[in-house]
Structures are given as C-alpha cells and as structure tokens.
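By letter and in written order, the chains are A, B and C; residue numbering begins at 1 in each of them.
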Amino acid sequence: MRLLKKKIWLIALILAFFLNIQNGVWAQNKIIILATTTSIQDAGLLDVLIPIFERKTGYFIKTIAVGSGQALALGKRGEVDLLLVHSPEEEKKFMSDGYGISRRGVMENDFLLVGPAEDPAKIKGTKEAVNAFQKISTSSSLFISRGDNSGTHTKELSIWEATKITPEGQRWYQQTGLGMGQTLTIASEKRGYTLTDQGTYMALRKNLNLEVFLAKNKDLRNYYHVIVVNPKRWPKVNDKGAWALADFLLGKEAQEIIRTFGFSQFGSPLFFPIANQR
Amino acid sequence: MELIWSGLKKAFFLLITLDPEVLNITFLSLKISGTATLISLLLGITLGTGLALSEFSGRRFLVSLVNTGMGFPPVVVGLFVTILLWRNGPLGFLGILYTPTAIIIAQAIIATPIVTGITLAAMQALPKNLRWQILALGATRWQMIWFLIKEAKIPLLAGAMAGFGGVISEVGASIMVGGNIKGYSRVLTTATVMETSKGNFDLAIALSIILLLLAYLINTMLTQIQQRERPR
Amino acid sequence: MLHIPDFSVFRGEILSLLGPNGAGKTTLLQALAFLTPYFQGEIIFQGQKINSAKSILALRRQVTMVFQDPLLLDTSVYDNVASGLKIRGLKKKEIQQIVSQNLERFDISHLAQRSARKISAGEAQRVALARAFAIQPDILLLDEPFAKLDQPTRDSLLADLESVLRQTKTTTVMATHDRLEALRLSDRLAVMNNGQILQIGSPEEVMNKPLDEFVAAFVGVESILTGKVVSKEKGSILVAVSGQTVAAIGEMDLGETVALCIRPENVTLTDLPPHELSSARNVFRGRIVKISPFGLFYRIQLDCGFPLISYITAHSLEKLKLEEGMEAVASFKATSIHVLRKKEKLPV
C-alpha cells in the first residue's frame, strides 16, 4: 500500500510540472513567425515595436533571429511568415523565384568599414570602398569577415567582387561564422579590419578599440526590407498576419519610432525610416 | 578580471531587485530543464532497468547504442528535432516549433540516453543474486524492481544529476527549437549567448553566474538525498 | 543442467543436498523456489501444480531461500528482517512483533538499528536467517549458508539454526558440501553429482550403504579397496586385495570384481600383536604413513599392502604412542564393510 501511495505522488508531481509549462493559448492563426537578423534583434528595435503591435492586435509574434541566409532559406520552405532582412541581392532573387509576394523598404542605415587605429593598410582618407578593400588586400592586412551569409557578409562579398580579388583562402582573410558583435570584438582583439552595420558598432563602441574609416558612403548603404512569404507555395503561411505586421512596420507610428530610436542612448539614431519613399 | 567583478555585481543587483525579465528567464530555465529531466528519468530508469535485467539477442547492440547516445551532440539533436517539427514537416501538425515544449522534447532526448546508460551500469553492478533473493522473499516483479532501484539509489541519483546538468547547460538545441523568443522561450543559456554576441559582457557574465547558482542549488538538493546516511 | 526424474520433500523434514561444486545443488534449490525460468517438467506444491504467474507468486510467498552471501539491503538490520513482511503488506505493529521475535531468536536484537553494511559476516548471515524465518515459510531453502564463514562462527550459527529449526519444525532443504553439517542436521540426505541425484535416504543409510564409489567417497568412506572374490560361503565372501585376503559379507559371485567400502571410524588400531587377537577377522599389519589432525580426531594413513585410513581419538593416539613410520596393527569387522559391485562409469 505504501508503495502505491508513493507512486501516485510521483505521478502527480510530474503531471503538475508538465501542465505548468504554458505554450500559450493562441490559436494558430494568431501566431506570426517573423524571421529577422541578429543585428536587428541586437539593436533592440523590435523589443520596442513588437509589443506595441501585439497589444493593438492580439497577435503573438515569434521573432527568431537567425541571419539573412537562414531567414531566406526558411522563407523558401514556408516555415516563417514574414522576413525582415537586409540582403538586397538575395532578396531580389527570392522575389523573382516567386517565394515572396511583397517586398517593401522599412529603414536604412550605413555599413561602416572599421579597423585598428594604426591603420596598417593605410586606408585613411580613401573615399571609395573598392579602393579601401584593394589596399587591404595588397598590404595583406588582417580582415575579419562574418562568413555566415548574413546581410553584412553579402554586402562585403559584393565589394570584393568589384575589386576582382578573391580573399577566400588568403592568410589575412579570416571568417568567423559568428554574429556581428562577436566579429567586432575579434577584430578589435586581433587588430583587424571588418565591415559592420552601424547599429551594432554604435552599441559596442565603448568596448572596442576600433576606428571608423569609411562611413556615409554611397556604396555602403544598408537597406532593410520586409517581405511577406508567398502563401500559394506553402498554405500554412499566415499571410494575413504577415501583411498586418508589415503594414504596421511601414505605418506612421512605427516609422516615427524608428526615426528616433537610439538617439538617447548613442547621441544619434541607428536607423533612417524609408517607407513610402522607394 | 574587473569584467568578472562587474558581472558579479550585476548578478547580485539583478537578483536583489528581482528584475522581472531575469526572474522569468530563470524560472523558465528551471521549469524546462526540470521537466525534461523528469521525463528522462522516467524513460531512462525504465529502459536502463529493463536492459539490465533482461536477456535477448541484440541486447549488446542496444547497449552500445545507449552508450553512444550518452555522448550524442546536442546540436545534432536540435537539428533533427527542428526538421521534424517544422510546420511543413512530419510533425508540423503539432505546431510546437519555437515553443518551450519543443525545448523540453529536445532536452529530454538529450538527457534520456545519459540516464539510461548510468542506470544500466548501476543495475548491472548490483550483486547478481540480489534479484533472486528479493524474489525468494515473495516479491512481485514490480516490488523487486522497486527494491533494486532503492539499492542502486546512489548511482541513479548521480545519473539524475548528470542528466539535469547536461540539459540545464545546453544551448545549441535550445536556440534552434525554441527560437530564443523574449519572454517566451528565452532561457538562461540562450540569453547568455545572445548578450555575448551583442557585446554585453557584464550582463552575459551575470546570467552565467545565475545559471551556476541555479545548477548548484539543484545539485546540492539531489546530493543531500543521495548521500543521506542510513542508520549507523 | 539437472536430470532429476523425481524428487519429493516431506513436510517437517530437514533434507540435505550433498555434493561437490557444480553438482547442481544450487540449481535444484532455485528450481524448487521457481527462480529459474527454464525447465521442463512440473512442480507440485501442497497438491497444487505450479504453472501460472499467480501460482508461482503463491509458491514464492511460501518458499524462501537463503544464499551463501547474505544479500542484505542497504538499510538497517531491522528493515532488512522486516522486508519480507513489508512485501506482504503487513501492518507496522505486526511487523514489529515478528521482527523482534526473530532478532531475538538469532541473538541480534542489539543490532536492530545498525546499518546492514556495518556488521560482520557472521552477523549478516544471522540477519539473513532472521529475515527468512520472519516470513514463516512453509519451506526453507538454504544454499550453503555457512560456506563463507570461519569455523567458530559456522559452529555457533549451525547450533542456533538447528535449535530454531527443531523449534519451528520448518521443512528445510539445505545444500552443503560439508558432510558433518549434513550429518548433524538432516533427516534425509541426498548426494548429487553432475546434475543427478545419486542416492537419497537417511544419513545412516547413505553413509554406511553408499550405492556407488562416488557417493562412498563423498560421504566419507576413506578406504575403498578393489579386489576379486576368491571364496564364497553362505553369506560371506573372501576378497583378494593386493595379495591379501579380506573377509566381508555379501552375495557376490566367484571371480567378481568388487569394491570394499570401509569407513575410517570402523578401523581400529591396536598395539597387540596379531596372533593375540581372537574373534576379529580382518587384521592387518601396516606402516603408518601419515598422521594428521581431523577435527576432534586424528586421521591415520596406513600402508598395509593397500592404503587404509583410520580415525582415532587423541586419547588413543597418546595411549598407543603412535608415530609416523611406526608399525601398527589395524583391524575392522567384516560386518562393517560395505561391498559394492564394480560398476562401469556412470552415464552422464
């Protein structure tokens, strides 16, 4: 008898634990899966915008920060509903292949070319990104790349292409496969150059020992677009929710928040809202 | 060094002021890993005991599978679980990708071979005739198993701690199947990785310290039970 | 592997299984308690056939076993002795009463709260026995329970066990390879080898009238002399052994080869010169090859043209001033010889 009582208690305890885990009470059509990049998540912008949307509409947004490459891949598989990424060439291909049914610009900022103060490649004063990259290559100065198909990485690769230089395999070119923050830290520690987005750099500036060499350069513009995944290919896509969220991000309220975001923290905003301008 | 010190200070501060987000993350870690460990104990002790007490062709093969599973890379588990739980995947109809439940499933899969392997070794280490002696005292099959488990209490609890330790500190699978969604599926380990990648090192260290404290508390409790001395 | 066509245990008796290691004693005991999963044949317990899970459990609840190792649980002595009762779901008060009674029986009441891991080997076996008796089994199976203990502990435990067995009249089957133990406790004795029961009967019968040479050797017939029958008269025969003649009682044919079993207790040594002994036949002169202590006796190994073993008391040894290498005279009655027809090797 005593043994039986103990068994019952054990089972009750387990059940209690189980039931305690809340997966939430949302119906499937009230859930929107948003795939975005680590740099956007790290900036903290979505932590402000998403709750406002959720409160207004009762949707539950599952934001997964995975990097542009994976975000687009997930979109192609219909595993996510909305993409917020910054990899224009890849995005255009995504759209032309029919995986997305709407692509609109949300905001933009700059990529920066940063590097060690001692400037071994002597790129200070160079005006063109292509030239700067060439100088880094000729001087075999250390360059740290994301190497992860992210928006930043794709941008970086497009500049290398323009220089007609292949950095892959060269001793001075190192790929981390890590997020922007970690890549910047590595560049700072190892005294190397790297291409970074403005938001992450500004957030980490105080911990880094890097200088900005190229900024506000027309070749280094960073555009963020929001793409609604095509529900015709994958019926489970919550396109209704995706449209609602996309419209919200492009709407007046969100755009205003984007315009001033980061000002109090860094002295200048991280992003420039561009909805309805392209 | 002063980074660690500032991390310590931050940890203290967050705990003392009962920072709601940190508390949420901490309790979620505990609930998720706790549930996963309990599931793995149920499955693992059953499987381990069953394997230890039985004889059939192919048993050795199963045992080597279990032993391999003990060291199975959690990230691989995460990848496979993700593929299974994808909306358009075989188990997509469950709709549990990017939820705490998915993390529990992945962690249970990671911990179960560990508990099974240790249970198997523990049961096999008991004196060979002990099970006959217990049966000869008139025990039913279930009573015998219960007595044997009590006899193997020390290594079994070690197995429980190994299982729990393995999952409370797991991050790869947890990020993949959970999505690290703020306030929902973000746990101590995934939050630490995120803060590190953001460059918020002192916060990352603070979270690590809290994770260590949590693991220490749970293990102290289990160690107490394990080492509780029988009458002189 | 056991080959036992037929085997019965009677209520209230103490039956010993005697045999060398590997004879199958443990296997037989386990089969009786239905602890081995593999066998062909059936067990009938108290008139019921044992063939269902329910009947197996019922059997196991009335038959218990004590092994060579005490196999105690990692808990207190009290809890160990109570374990069989807890399994049966008895109430706390009943358990307490029964446990104290049995702790008392085996003289271990003072160890009740001690951890089972912290007692001596002898004490541990006492706990195992107390645990077995606590459930008041219909049949108690003992598998060489004292084999791993030293002699004094063994003796004291054996004495206590004997008194409890007599008191409770518990049916017991005990495996042992110590024939003195078997002799002391048993109502019946079974000699086993190679999975078979070679002979079963009262200790007297088996000891004095072994059915073959293996049994004879095992029950302590130290002298087995092989020879041919050379003369035959009503009821008695003369057997030629190594050039000498031994007189025995038997109905064997002339020329038949026989084995003469002579128990050492029946061989007396004297210091009288042979021609002065009157009635005894079978008197032989021999040289003492070895004298070794054997429990309370001395074992004298003689060479009389054939090897002969005798047990004598320490007193006699002194009185006869026997020493190795000395000449001595051994004699044994014709009636004390057990004659066996020489068999071919036993089928396995």
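Observations
Basically, a contact is a pair of C-beta atoms (placed from the backbone, for glycine too) under 8 Å apart; a residue touches a chain by one contact, two chains touch by 3 or more.
All of these numbers come straight from a predicted model, not from anything done at the bench.
Taken as a graph of touching chains, this assembly is arranged as a line, each chain contacting the next along an open chain of partners. More C-beta pairs touch across one of A-B and B-C than the other; that pair is A-B. With centres taken as mean CA coordinates, the chain nearest to the overall protein centre is B. Taking the mean of C-alpha positions as each chain's centre, the chain lying farthest from the centre of subunit C is A.
Centre-to-centre separation of subunit A and subunit C, using mean CA positions: 86 Å.
Per-chain CA centroids place subunit A at a distance of 32 Å from subunit B. One simple way to say how far apart two chains are is to compare their mean CA positions; for subunit B and subunit C this gives 56 Å.
For subunit A, the set of residues touching two or more other chains is empty. Within subunit B, residues 143 each touch two or more of the remaining chains.
Note for the complex: subunit C touches subunit B at residues 30, 33, 35, 57, 60-61, 63-65, 67, 69, 71, 73-76, 83-84, 87-88, 113-115, 117-118, 131, 135, 141. Contact residues of subunit B toward subunit A in the complex are 31-32, 34-35, 38, 42, 86-88, 92, 95-101, 104, 143, 146, 179-182, 184, 194, 196-199, 201.
The part of subunit A that touches subunit B in the complex is made up of residues 3, 14, 17-18, 20-24, 28, 33, 38, 41-42, 47, 62-65, 77-79, 178-182, 184-185, 200, 203-204, 207, 234, 236.
Those residues of subunit B that touch subunit C in the complex are listed here as 127, 129-130, 132-133, 135-140, 143, 147, 150-151, 153, 229-232.
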